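These are the structures in question, set out in turn.
Here chain A shows up in two complexes: once beside chain B, once beside chain C.
What follows is the complex of A and B.
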């Protein structure tokens, strides 16, 4: 078989050389593009983050760490970090939990569950920008369907709820226009859009849980559904959870479409939804302040790489809590 | 059984929240401006004939047109002729709200052009991604060469870099070479899919070596092997990757928003919708929702038809 197995046992040096040359030939376009499109921009951003460069200017000055200094001192950027982290900290756990919950329910229903699976996955497929515009209509303070529905509760027994009572007396919230609500509405839409994706990943994870494990747990005295979940399902889903959390984090960090659709200028009421991607877009592209935009880009990259590295490290440890 | 009813109740509550915006989008795209404002008319609206004010205004005749029409209205004064023409215009310009909304979606903005752009951009991206990734994946999976580990390490490292995150430097580089506001700008940053390389490499690892050796015996070059032997075996994986890639780029808004600023000729569907929103007054909610429906529909329909494949494709990234 040595003749056939030519990749494993090279026959003649010339042949090895030729194969190496072809291999490099095949990989070169990909390598070149990888450098040009992924690695060079990272370096460019790193360099520009220490300058005051603007497109159209012939030169630039080195400003050292001034751009980074600004990021950590100006209140605008403080709001940026608060908005980004609030969004991530809310959207990730909720959408992961809802995804897991939906997957468990759907899975336990057998074939009937498939209908729910299809429906919950629809927002993942739909153009987020289009759906954001629909949500904006629905959240419109006067003609939006949400406040119109809430107003129907006025004068009924539902008025015992403080929120409804207050809304009936002083008007229901402006939602997108209200700095106390804007970020939560944004989170809600992020969860609405993303939990179906997590559900599908968990469903895939659930098919890999061996039936025998449940029998074994039953033998060991696990009786309630909760104990089965705690002893068998949850540990078996460990790797899936690590992956779902990481990808949810990365997606949540990248939120942009909804913010830009709702508040084309300025990042929401009192900058309460001024997330990082929007800041990069506004500072770097719209205002041509490339130094500061690059500095935000670098921080962003650090966050995302850090998250992915943690994930890889956890996977390599073969998570089984 | 009672337990199942609880499950269904919870899941149905979820269904209502998930479907609400889709329902509203469709419903608004059917209704007249008045019905949208007042929030009446159920799902389809009453579909009463409505008059398109703009269309009527455009047909308001000037002096010459009245003079030209005079022979058709013998013995009438100019103002009577004008009234007759306007009455005719109102008849011609009245239509069902659903027709109004959907026709406006195509007339008020070059929606067909946007859709075509969307198709061109997503198709070119996928085509080039495959063209670049497949040979590299084959080399990494099946050929022995010095530096292979380093190349694969580089691929793994590049998986850490989301293209959206480096949009700003990419934009600057494209601006420097004068490529902003071109199709190239929309396509170039996505031509390299490290994820595609990784995925196809993993897939090629499972292809038996015998198949490749047989091809070599037949005198095929390595290049021919990639396209004539490996490509056909990779069709299932490629299909999943196609769905992954097409969904991502049809729906992408961030990158086109950055590199396409001026001309509508390059707008992708989401950009077109965004612009529609920018200059729409209240009476255009209906046409705007019609536009949104048209943009969202192709992928949703494709998804409903080939659910299993879509879910496979979209969750591909789960294989990382």
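What follows is the complex of A and C.
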């Protein structure tokens, strides 16, 4: 044994070296691609955010933090932040809660579950741009089906509702053209479009809940559906919830196509729906102000990175058992 | 603590009949095992007793009170599941506390932040903590109370599951194969501990297992189930020594009982068409099956009843089991021998086997036990 050991020891480091070399060799293509298509553009954007570069110009000047300064002083960008955060704060909780509720209901159904699954998932599969046209028709102030339906309530008992009474007297809202309503309509469409996706994620999470835990809960004296949910379902869905919330946040920050479809001329009535993605598009692409566009992009990246870090922290600390 | 009575329970899943007319009375503080091969309906019966499944017909009564149709949460029974079914997000202490929290705290008092400050909550919570501590100490898991189930070994999880069951005083404990996920050594140890726990708590235990050793070592009575029926329910020694049915005899005992076909012509028994020089009294002529435990067969010094070659030997140290391929037959016979006989039991060795017919269990062709049959040494008719 001793003889074998003494010959084996010097051989080991070379073996380790060879293994390490192979590992690096195999990882190189992935690393190269990651640098080229992920890290380099981010660094380029970060550098450009400190300049006044425009596409086609031969050179640029360093402007320091001027672009970032603008973001936090100009009223346009204040509106951008208000619109973006209103959208995120409304859409994320509502679409997560609706997704969970729909998943629980669909899961409790036997045969018709699949039908509901398909129905709720349809908006996710449909192109939002095409759907936006349908919404635009429905929300049209005079010929839209929504306001026409609301008008049917005039002269009935429903007029006790202040909103209906006001609408019957002064006309119903313009929806997409009204600065008080536009952002909420946008939120509504975002929720309508997004909760089906969350439902599918929650349905996947529900299949992982151990059946026997419900029986244990029943034996332990949990009688109502709520007690079962609190004791078994909700804790088991912890990892799913963290994932769903993060994904929903990132998707909410990325909202763009609805805004572009409804208000291609610039962020809705009084810039009330001037969300970050649209601002990046408008500044960086339409107006060719690469510097300011890059600055918004960097800010957007910071938000998303922050969310991802919170998710990592939660996943590692809280929800894994 | 209470007795249980199960009265002609039937259960059908669609066309398949899982339980047929099962009747069983369990006395207060009794340890009854439901044992049988997988798919015999034993777990279904336990779940029907628990209230997790509804029977198609029949009644269940706990302590004389009919509970059929009552939901599981109201039956005051505790259950230990095969997978333990611990709540993964709760610590050991919280897991054990769940049955008490659900029963003694109101919905408001269970709320996470304001719950502890509601009137009456503090005293009840102190009681629960004390009860959890007692249960944990009884099971020697006091040091694990702050851990999550994910950080425990299989044996420790099993104890937590037991703790959750015994923290309150239920009418009966239901255990669904609680040892099947443990390794062999731990299983033997836990087996003894559960039997001890039963004596200490003096409670009714219903224990489901497919392992006949567990059933034999722990139970007051064993109910052997097969194809949705209870074939026999008796004490372990009766089940082993005096089974009613060939299926019971075959299921209980390791190695398995040897079954040899015998024929009875005019009171003369013949084994493999060879008269064995014995007379059976009290039975009609026909084909019977002879059940012989491995310990009933011994190596013959002279005049063997069976001859064959040793095909396989299992040496367990304290005893040796040999599988003998009978001459001219495909059947194998297992016999037990003392370690001293190891030299004789070399593979391929020709040996003779003998047995005392008084030790044999006689079954008819359908496997029903024939009790009135008496076997005597052959007395030639003309000599009588």
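Everything below uses one rule, namely that the second predicted complex is superposed on the first by the 285 of 321 C-alpha atoms of A that agree within 3 Å, B and C clash if a C-alpha of one lies under 4 Å from a C-alpha of the other, contacts with A are read in each partner's own complex, and residues count from 1 in each chain.
Assume a residue touches a chain if its C-beta (ideal position, glycine included) is under 8 Å from a C-beta of that chain, and two chains touch if they have at least 3 such contacts.
Since the structure is predicted, the reported quantities are computational estimates derived from the model, not experimental observations.
Enquirer: Could you check whether chain B and chain C clash or fit when both are placed on chain A?
Expert: Once chain A is superposed (C-alpha atoms), there is room for both chain B and chain C without a clash.
Enquirer: Please indicate which partner A:169 is in contact with in the superposed arrangement: first for chain B, second for chain C, both, or neither.
Expert: In the superposition, A:169 touches no partner, neither chain B nor chain C.
Enquirer: Which partner does A:102 reach: the first (chain B), the second (chain C), both, or neither?
Expert: Touch partner of A:102: chain B, not chain C.
Enquirer: Quick one: is A:222 in contact with chain B, with chain C, with both, or with neither? Answer first, second, both or neither.
Expert: In the superposed model, A:222 contacts chain C only, not chain B.
Enquirer: Once the shared chain is lined up, is A:232 touching chain B (first), chain C (second), both, or neither of them?
Expert: Second partner only, chain C.
Enquirer: Who touches more of chain A, chain B or chain C?
Expert: B
Enquirer: Which partner chains sit in contact with A:212 here, chain B, chain C, both or neither? Use first/second/both/neither.
Expert: A:212: touches chain C, not chain B.
Enquirer: Please provide the least distance in Å between a C-alpha atom of chain B and a C-alpha atom of chain C in the combined superposition.
Expert: 17
Enquirer: In the superposed arrangement, what residues of chain A touch both chain B and chain C?
Expert: Residues common to the chain A contacts of chain C and of chain B do not exist here, since the sets are disjoint.
Enquirer: Can you list the residues on chain B that touch chain A in the complex?
Expert: Chain B reaches chain A through residues 4, 7-8, 10-11, 14-15, 17-22, 24-25, 28, 36-39, 131-133, 135-136, 138-140, 142-148, 151, 154-155, 158-173, 175, 188-189, 191-192, 194, 197, 209-210, 212-213, 216, 221-223, 226, 247, 250-251, 253-254, 257-258, 269-270, 273-274, 277-278, 285, 288-289, 292, 295-296, 299-300, 303-304, 307, 310-311, 314-315, 317-318, 320.
Enquirer: Considering only the defined contacts, which chain A positions touch chain B in the complex?
Expert: 4-8, 10, 16, 19-20, 22-24, 26-27, 29-31, 33-34, 37-42, 44-45, 48, 55, 102, 105-106, 108-109, 112, 116-131, 133-135, 137-138, 143, 145, 148, 192, 196-197, 200-201, 204, 240, 243, 247, 250, 254, 256-257, 260-261, 264, 277, 280-281, 284-285, 290, 293-294, 297, 300-301, 304-305, 308-309
Enquirer: Report the residues of chain C in contact with chain A in the complex, numbered from low to high.
Expert: Residues of chain C touching chain A: 47, 50-52, 71-74, 77-79, 81-83, 85-90, 98-99, 102-103, 107, 148-150, 164.
Enquirer: Please name which positions on chain A make contact with chain C in the complex.
Expert: Within the complex, chain A contacts chain C at residues 210, 212-213, 215-223, 227, 231-232, 235-236, 238, 321.
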